[in-house]
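First chain A sits with chain B, and in the next complex the same chain sits with chain C.
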Partner chain A sequence: MAADIPEGKEALVKEARWSTLFGEAVLAEKPDELVVERSHLAEVAKRLRDDPDLGYDYCTNVTSVDYPDYFEVVYHLLSISKGKGLLTLKTRTPKDDPVVPSLTPIWPAANFQEREVWDMMGVRFEGHPNLRRILLWEGFAGHPLRKDWREPYYEEDHKPFGSRWPDGVYTPAETRTPWGRNVQYPPGWDPDEWEPPDLELPTVSAAELSDVTALKTDRILVNVGPQHPSTHGVFRMKVTLEGETVVALEPVMGYLHRCHEKIGERNLYIQNIPFTDRLDYITAMANNLGYVTTVEKLLGIQPPPRAEFLRVIMAEFTRVMNHLLAIGFLFNDLGLYFTAALYGIRERELILDLFEMASGSRMMCNYMRFGGVAHDLPEEGVQLARDLAFDRLPRVVEEFERYLNEIEIFTARTVGVGVLPPEQAIALGASGPVLRGSGVKYDIRKFQPYSIYEEFEFDIPTGTRGDVYDRYMVRIQEIWQSLRILKQALDRLPGGEIQAGKKAWQVKVPAGEVYGRVENPKGELGFFIVSDGSPNPYRYHIRSPSFVNLTALEPMAVGQKIADLVVILGSIDITLGEVDR
Partner chain B sequence: MDEQTLQVPPSLRRNIFLTSVDWIYNTARVYSLWPLTFGLACCAIEMMAAGAARFDQARFGMEVARPSPRQADLMVVAGTVTKKMVPLVVRLYNQMPEPKYVLAMGACACSGGPFKEGYNVVSGIDEFLPVDVYVPGCPPRPEALLEGFMAIHAKMRRESVRTVRWYSKEPAQDCPIPFLGPDLVDPRQVPAIKAAAQAARRSNPERDEA
Partner chain C sequence: MLGKGIVRGMLVTFKHFVETYLYRGSRTAKARGLFTVQYPEERLPLPERYRNLPFLLYDPETGEPRCVACGMCARVCPPQCIWIKRAKDEAGKPLRKPEEFVVDASVCMGCGFCAEFCPSDAIRMDKDYRVIAFDRRKDLVWPLERLLKPTTYYAAICPTMWAEEQAEKAAKAASKGGA
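Right, the complex of A and B next:
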């Protein structure tokens, strides 16, 4: 599989012949964009995937936009096997009948993302295997990302709010709602007449039992989380077990759904930067980079060289830190309670010292700006970065490798566990170390370079078996590659300006839409932004790697033992802030 | 030591100390305060950093983080409390045995923080739990969290065995557990919500049929 992937940059999609291919199904087209009639969506999608000339095998992002006259469902596709770049597939559905055919049977990666669109925007997907709410709960009133839906603390459509300080007096939000809380109920709602919707997992029938003559065991349903030390936050799994073997698994999420997208649409563009810090709170700097490069695509500005180098340095230190923590917590899950994690956190503190020197904050750096960075890195910061990249971190990673790579208990518990074959990894939309661990040589930094990654030499480490051990090894190797990039960047760090143009609170973003993606430590972080030319984004969607990678959890876990389930989850490396957003 | 009233053999003179019951009781509790391994969001990472080598909360006897609420004394509400999560947070608190303390870590747990306006966010855990110490910050630095622990310790030292609630004869009160309807419902507000629904129905009887 790995050998089939073309090396080098992805070709831009140039085929402006969609209407000759698909006839009247096409409503509008651009070279890299295709709007189809919703009744033809499934057949167009099937052909896009199966036609050997097209070969769009990877569905990276699914989202929707609420326009005044219709809902638009947006799919972002790629061809990993053909090395083709982004293709935007869109369909429209009227507001009084928001139904489109589900593309989950074609790209299983769309499974959770279509559920999210249903939850947030209320577009039904016909033929979806399990179309239920995913981030909120069954029974919640309304679909929050519709433009006409208002939250209890609603003030105005856009910030800055004029109503914040009427007559110089601040009125707390609580005093403006009837219940003094952040809640609202449908008019006339009566708690006595309300019945909770049925939330039970569909049980597995006896006919599906594999071997009835074997040792007789009953199936049991085990609930893991949301308060469970191995779930890396508030994640929950409903696991059906036969003996100790997992036969079905349903992830339940949304316990940290912090309404990033609704808040993001009220915010100014610049106000979203600190919110991106809190998406994946371990990799704040890398999230900043993803957001600012996406908005810069719309703005059409280029940061000065020193700012670009500083961005890359910060993003790569973030990758090192994230992988050290991920490895530490993987060993936590294996039962090596906190020893490896403490070593990871020790190095994290040193990297955080560098971030604090650069940005003034340890964890939530809020460092990057459109067209530059917020502060220059002082000379002692550069020295600390050099010490870390050239001296300290190589020794530490070498130590990690020496102690951990070949522990027999570790290899016995991870080799051959949680195998994800490469074809399945692509179909399920896995990205980052999960995809590369399966042997798919795909890294956005190489295939669709952003910032200045083209200038650096580095390799893409891949695994061969696609098991937990390979994902661990890919992370270790990626640390080495990050250190390689860091050494080059620090050696060539130029002086000069750190901001293109003047620093501005408000940026004028031209109307248009953009999907920008970066290779975050956990996988592909994408931002889909629709601008209508106003100071606030019209639509702000985050494609988070942790969320989409979780689609692969059930296929990896079924057939494994319950004790290995925890390890498999640890090897995906999720952060709940990003899963639930 | 008053040797007139208490006869202490000379060999034990240097080994016996007299103090109040409260002091010994509180000192023992202060240096074995076990937190619940319970992270909600970003602040949980800083809480882990506070437990790791550089900040090392083991210096205060607090490194024994228990994943089970039944073995924990201190709940650090570290991060944003969402409506979907708050019934579980309150249930965890009710499962903790007395004496128990709550520390709200970070702006979100104190007040809703940067996510306050979000439709799925609770504006501070103190709407549902009795919070002992608030540590603001987004996220608070580990030093700030340690300062919060010190504040809890100071609070514990002021308590007296004679007046603490867990030795009183009244039955312990559980916190009411909110539930999820069309939005988060606090059981204490149910009568008011019901009254409002009935008033709405009386003023506009056709709406229900429409």
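Right, the complex of A and C next:
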């Protein structure tokens, strides 16, 4: 599988005349964008995937936009096997009848994301296997990302709010909506009579019981989480067990949902930067990078070289830190309590010292700006970075490998556990170490380079079996590759400006839309931004790697023992701040 | 040989155990072993740029706040936790100073935008991270009196940044005087 993928940069989409391929199904087209009539969506999608000349096998992002006259559902597609770049597939649906055919049967990656669109925008997907709300609960009235939906503490459509200045009088948010009157239920929905849908237990059929040769086991339903230490946050797995074997699994999430996208659409562009820190709170710097590079695409500005180098240095240190933590906590999940995690956290402390020196904060860095970075890295910061990248981290990672790679207990618990074959990894939209662990050689830094990654030499490590051990190994190897990039970047760190032009609090973003994606430590972090030329984004969507990678959890876990479930989840490396947004 | 990996791993752990006692108390990139800081008995020095919550500067000589009530901080604030009431003279003409200035510290996300974009260098980020409160409304909604701190305080907590700011101001004044 890995051999099929062309090396190097992704080719641009060349199928310029979409209408010659799809005839009257096409409503509008650009070389990398295709708007189709909703009744033809499924057949167009099927052809895009199955036609050997097209080969769009990877659906990376699904989202929707609420325009005044219609809802638009947007799919971002890629071809990993053909090495083709982004293609935007869109369809439109009238507001009074928001239904489009589901593309989950074609790209299983769309499963959770289509549920999210239904939850947030209220567009129904016909033929979706399990179209229920995913981030909010059933008793939630309305679909919050519609432009006419207002939150209980609603003040104004856009920040800055007029009540703050020049005649600002302090009014706490809760006085605007007193307690007890800020909850609305859907019409005809009674909270007292509602039963959560989880309570129906799957039953064992009579035929199964009459088989005398089989071991008699009960089928039981176990809730792992939401308050369980191994779920890495407030996350629940609804697991159906047959004896000790997992036969079905459904992730339940949304406990940490904080309206990130709705807030983002109220915010000014710059106000979103500190909010991206709080997406995946382990990798704040890398999130910053993803957001600012996306907005810079719309703005058309280029940061000065020193700022680009500082960004890459911060992003790569973030990757090292994230992988050390991921490995440490994977061992926690295995029962090797805290030793590996403690060693990982110790290195993270020193990397956080560096971040604090540069940005002023350890976790919520808020370091990058449009066209540059907020502060220059002081001289002692450069020294610390050099000490870490050249001397300390190589020694520590080598020690990690010596300590962990060959423990027999570890290999016995992880080799062959949670296998995800490459074809399935692509179909399920897995990204980052999960995709590469399955042997798919795909890294956005190589295939669609952003920032200045083209200038650095590094390899893409891949696994062979696609099991938990391979994902662990890919993370270790990625740390080595990150250190390689860091050494090159620190050696060539130029002097000079750190900000292109004057630093502005209000940027003039031209109208247009953009999907920017970066290779975050956990996978592909994408920002989809629609600008209408106003100071606030019209639509602001995040394709979070943890959320989409969870689509692959069920296929990985089914057939495994419940004791391995925790390890499989640990090997995906999720952060709930990013899953629930 | 089965168990070799475990033995090798245990040797690494044992090395760390020994090193922790041999190299005690240094928390640098050169340190070996573990370097746990025994907070609150021990405290790490805060880096110059460390930021927590905002405060306002006033000139200790004149007692005048630097703030000119331009509202830049209130507009750029991501969670909109700053309320400013501009002072007015008897005729109702707005003055260049605040009458009221409120920061809701429980809403503040500590991003530092207010300090970064303040055109009159009047708002800065504090380093006092021990903010303890019993009542959100009473103790965490900070009025002007609670926010104002002298420039000497800022010079003490951020000496380098203060020196840079003074040098910049001197350079500006010199270029203005020359022209």
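We take it that the second predicted complex is superposed on the first by the 541 of 581 C-alpha atoms of A that agree within 3 Å, B and C clash if a C-alpha of one lies under 4 Å from a C-alpha of the other, contacts with A are read in each partner's own complex, and residues count from 1 in each chain.
Going forward, a residue touches a chain if its C-beta (ideal position, glycine included) is under 8 Å from a C-beta of that chain, and two chains touch if they have at least 3 such contacts.
Quick caveat: nothing in here was measured; it's all calculated off a predicted structure.
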A:342 contacts which: chain B (first), chain C (second), both, neither? both
After lining up the shared chain so the two structures overlap, which partner does A:68 touch, if you call chain B first and chain C second: first, second, both or neither? neither
Would you check which partner chain A:408 touches, where first means chain B only, second means chain C only, and both and neither mean what they say? second
Determine, under the contact definition given at the top, whether A:300 touches first (chain B), second (chain C), both, or neither. neither
Please work out whether A:52 is in contact with chain B alone, chain C alone, both, or neither, and reply first, second, both or neither. neither
For A:391 in the superposed arrangement: first (chain B), second (chain C), both or neither? second
In the overlay, answer first, second, both or neither for which of chain B and chain C A:364 touches. both
Of the partners chain B and chain C, which touch A:152 in the superposed model: first, second, both, neither? first
In the overlay, answer first, second, both or neither for which of chain B and chain C A:257 touches. first
Interface residues of chain A shared between complexes with chain B and chain C: 155, 173, 274-275, 342, 346, 349, 364
The chain C residues in contact with chain A across the complex are 2-6, 8-9, 12-13, 16, 27-30, 34-35, 47-51, 69, 71-72, 74-78, 80, 82-86, 94, 100, 102, 104, 107, 109-113, 116-117, 125, 137, 141
Residue ranges of chain B in contact with chain A within the complex: 37-42, 44-46, 48-49, 52-54, 67, 69, 79-80, 82-85, 88, 92, 112, 114-123, 127, 138-139, 141, 179-186, 189-190, 192-194, 196-198, 200-201, 204, 207-208
As the complex stands, chain A meets chain B at residues 135-137, 139-141, 144, 151-153, 155, 173-174, 178-179, 181-192, 194, 196, 226-229, 233-234, 254-259, 262-263, 266, 274-275, 278, 281-282, 341-342, 345-346, 348-349, 362-364, 576-577
Mind listing the chain A positions that touch chain C in their complex? 155, 159-161, 163-173, 267-268, 270-275, 339, 342-343, 346, 349-350, 353, 356-361, 364, 366, 374-375, 378, 384, 387-388, 391-392, 399, 402-411, 503, 505
